[in-house]
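Below: one structure, written as structure tokens.
Each chain carries a letter (A, B, C, D, E and F) given by its place in the written order, and its residues are counted from 1.
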């Protein structure tokens, strides 16, 4: 069986306005890639139906090393958590090509 | 490094008709938020391409405590599993702000 | 409390052109279902904004046994990794109905 | 059921298969929009990668509902409301009766209780697009229709769904399904029907049309009137894809579903035409009521039944409604209801 | 502020509430597109499941911006540029002044610094759809407008946003919020405004119209001119849903927001009409500038403020802008600015 | 290749850059739809946040394919089929030949085997939107075109893709890439081309047009004919965004790709015009065949090549096709092919 290597998956659910800042942040922090899609939802800052510009939310996924995930998350916390709806969580995942992420 | 706290991620993939009942159920069970997006897929009840009203599916994500996740899942099972396409799974995740979820 | 059973979640993020081949591969490998949605992102092969046919990406999720996940992943690697943008990871999840997946 | 007296001429026409004066050639018999439906079915069955974006489907269905409502509304304001009440009452009663009458039939065909009730609800309610197609056909044949016909669609949407739900409650009450019964909240159901997309947009369009009148609606006719039929064509392409997908999944109960989907419409349609006659409608009006009666809902009904009768398998009703009955009505049913209305009208 | 001299006749008209010759009946007073907005609000407040796909919302807003630009552009090429400069200068200055003047007012009403600046930016900028509605009203009343009015919209979009950002920087500089200040990059802000969807499409449409001229734009009028009002109607249905959602979330500061949303527009609108008078615009032109001044941006502003003043709570500005001011302008404001422009014009 | 005899007058015109009678001024030379493309490119290169929803892109491309087919179809029914066969045969052969002839050229330019085959397939196939633009230009210049021109588009879509795939199979067979070869299933490829979105909708539109005839298509012209050019404008805005994005990613092989993208079209276009002459087409017809020959596919080809020649880097072909060749044809190529057709026609 092909060997698997542990990585971290960092998921960030937040306002669409942060898509560009967060992906830039991730790149600078050392992530090799990212994946985004549009979501709707509700949280502390109320419901976000995503039906028009200011109401749109995204889910951003980054597969990376634990250090990079920590770096991205803590920077996102300090820069954005105070003023933006922001949900973040980490999960343990395994990949086949450890150098790719 | 900032401390992390364990939480459960509950993912429910089901028919779009259940979006409202399930998010209400989650709120009542104590979840502080949820995230939804549209998906397509296939399972036991056949293919669901999501190309029109009755054929739409959603994926619902809830980050919460294990107790709340169990509560939501078991209520969803009893109320909906018999009559609706319903896929559910739990994953261990870590968050930075444990009180938020 | 209802009992939970361990399963693997295999997530594949790749070009939209592989949606059909990959879901067929998954079915043949023994997966009982799958879920897909459209994403955008960036990786080794550059940015994919998903704004037109050849630029679309998907995220495919399969909940299955570890053996099936390995089988799908290794077949996808040999058939597609050389020529397609392809990100794959495995996560441990728990389900309530082990026979369903 | 009273069979209309047909003159000798009409009888001759019957034998030579539909009125040769009106439906003179094969080519003009098939409305152009029907070809789009067929293209969709062919694409799906041929496993084409053609997929209309879901956002387009939703946008078009919103457009069609609004446009149909608006068109009816501008005329509605000219009608004395009292004159409409008997029509409305009769149509509501008809839609309500259908699921009650069909339930024993479906049970005889060995559908379980939930599916029998749900199927009845689909046929008791109406298909807005089928209405659009019959209207377009009548316009081509220069047969006038009551200008407030959209009102009929709006009032015939809900009664069948309510009756179907009632039947299911009554039937399943004694013998509940595997899952624990969810309490049915009637206020919830009433709300969902009234504020559901279809009724809301139809009724909203009707009211806007009535308030704004012809002069007010004039400047938006370039969107809601002129392109109507072309938009309908695109929507039928999408419905062809959906119907093709249902045909591909036909399995065990295929024969039963095809029989139901093909045999019910002419029967219900005939009842509808006769009801139209009893209400003293025009030929066009009778054809429309016949078509509405014969049509099965696939926008409002599946959504409503999923909530109200979740025990029913949606695949069964949807396949019958959009996989069989909808194409049948498009190709055979509508010409037949029009022909029948003409016969019935002959003095 | 100089009060316009009103003749006795005008004074009488004032008392009997708006010019009875022009706005003769209730029915014609409400433009048909406004009913679509109301339908949307009713649907949302009635908790309907009606949802317009986001892709439709985006497509329609792109269409409206382009179409407004194009229409203005074909005329723009005929204008001597020099003649436009004073207008442009005055409108830019006006939009820039609004947030500066409103800031102390909002502070007095106990909004915090960031929200006061952000609210000011929303009112300093303009609402493209409100412009479309006033244009449609003026067309119905056969009141001509300067054909390059779209240029006004394009130049009034950004100044208010820049001024609001400046106010926020200045106010928050001394007393930063909880999070560490993000460096504001001015070049970034300037770029985002200029290349932001609204300005880019408006200006793009203007330029294309100017380059291609009437002859060039002719063959695409069937898309960008004829159906404009109908498309606006559909867009207003969607905005009704959005506004209804904001109304449903009104909570603690509801009274303050409603007061602001209802009282500011007439004041700003009056200033705008008088500015139009000073610029020697036509009656229609004064009404348009009044409406622009009274309108609050909800396409460009929320996006810009989220980047430039993230400390502000977007719910506050958006609720005021689209939940209160937009419906107010639609129903009451626009007829009032038109009426006022007519009064002011009376020699 | 036979160089057309040009009269002295024509030679003079050539020197003063295109026919001054037809393309008299800069302004009318650029079709209005081209400005929309340029706006899109500017927006993308200026890093605007403008994004057309993907659902809109898909909807518009479905619309354009159907509308082009329909338009051709209504005329097709009047043609004797036999008369069309030589045209169809010649065009199929031409499309098939292009990848075979270009393969050694691309190899000489140091593209690897897979990319050489894939690039050839893109140029062997055709761009539907380029066809729409040349048609719109010809209409503006009042140059008639064979009414069944859409048929040419439909038949020229697939041959180049099949030939490109064959070349790749043959070249890579001996020297497979890193991954294990996937078995190419020819029936699969044939199916995917025939039932692929482009051919299916074009052919579907053609057949519907032919079946329904002018009378049948009449009522849907308000959707499929009148707004065609305006819809094309919006689609070109989107294509401008896509092309801009490709230009931004130009890197190492930029020079090679630009050279190919700019030099190939005039050569292929000239061949196409001469082929049109050999087929005794009208001036408009020659210009159309020239344009089709010069155009590179970016709807069907990328999808087909991804399946059939996955070893090829899609970025290379797509950048050449939509980043370079498509804008080149829009701005320079199409006027040139029209001019050339006029020269060639001069007796």
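Throughout what follows, contacts are C-beta pairs under 8 Å (C-beta built on N, C-alpha and C of every residue); 3 or more make two chains touch, one makes a residue touch a chain.
Computed from a prediction, not measured in an experiment: that's the story for all the values here.
A.B. asks: Through how few touching steps can chain A be joined to chain D?
C.D. replies: 2
A.B. asks: Would you mind checking which chain's C-alpha centre is most distant from the centre of chain C?
C.D. replies: E
A.B. asks: Given the two chain pairs D-F and B-D, which is bridged by the higher number of C-beta pairs in contact?
C.D. replies: Between the chain pairs D-F and B-D, D-F carries more contacts.
A.B. asks: Among the chains, which is located farthest from chain D on the basis of C-alpha centroids?
C.D. replies: A
A.B. asks: Could you state the distance in Å from the CA-based centre of chain B to that of chain F?
C.D. replies: Their C-alpha centroids are separated by 47 Å.
A.B. asks: Need the CA-centroid distance for the pair chain A / chain F, whole Å please.
C.D. replies: 41
A.B. asks: Measure off the straight-line distance from the CA centroid of chain C to the CA centroid of chain F, and report it in whole Å.
C.D. replies: Roughly 35 Å, centre to centre.
A.B. asks: For chain D, what residues touch not just one other chain but two or more?
C.D. replies: In chain D, the residues touching two or more other chains are 51-55, 227, 303.
A.B. asks: Give the residues of chain B that touch two or more other chains, as numbers and ranges in rising order.
C.D. replies: Residues 37-38, 81, 91-92.
A.B. asks: Under the stated touch criterion, can you name all the chain pairs that qualify?
C.D. replies: Going through each pair of chains, those in contact are A-B, A-C, A-E, B-C, B-D, C-F, D-E, D-F, E-F.
A.B. asks: Okay, in this complex, where on chain E does chain A touch?
C.D. replies: Per the touch definition, chain E meets chain A at residues 51-52, 54, 57, 177-180, 182, 238, 241-242, 245, 249, 298-299, 302-303, 306-307, 310-311, 314-315, 318.
A.B. asks: Once bound in the complex, which stretches of chain B touch chain C?
C.D. replies: Listed in rising order, the residues are 11, 13, 37-44, 57, 59, 70, 73-74, 77, 81, 87-92.
A.B. asks: Note which residues of chain F are touching chain D in the complex, please.
C.D. replies: Contacts found on chain F: 53-55, 58-59, 62-63, 66, 191-192, 195-197, 200-201, 204, 207-208, 211-213, 215-217, 219-224, 227, 303.
A.B. asks: Across the complex, what residues on chain B touch chain A?
C.D. replies: Counting only chain B, the residues touching chain A are 1-2, 4, 7, 9, 23, 32-37, 61, 63, 91-97, 100-101.
A.B. asks: Considering only the defined contacts, which chain C positions touch chain F in the complex?
C.D. replies: It is residues 15, 17, 38, 45-47, 49-56, 78-84 of chain C that touch chain F.
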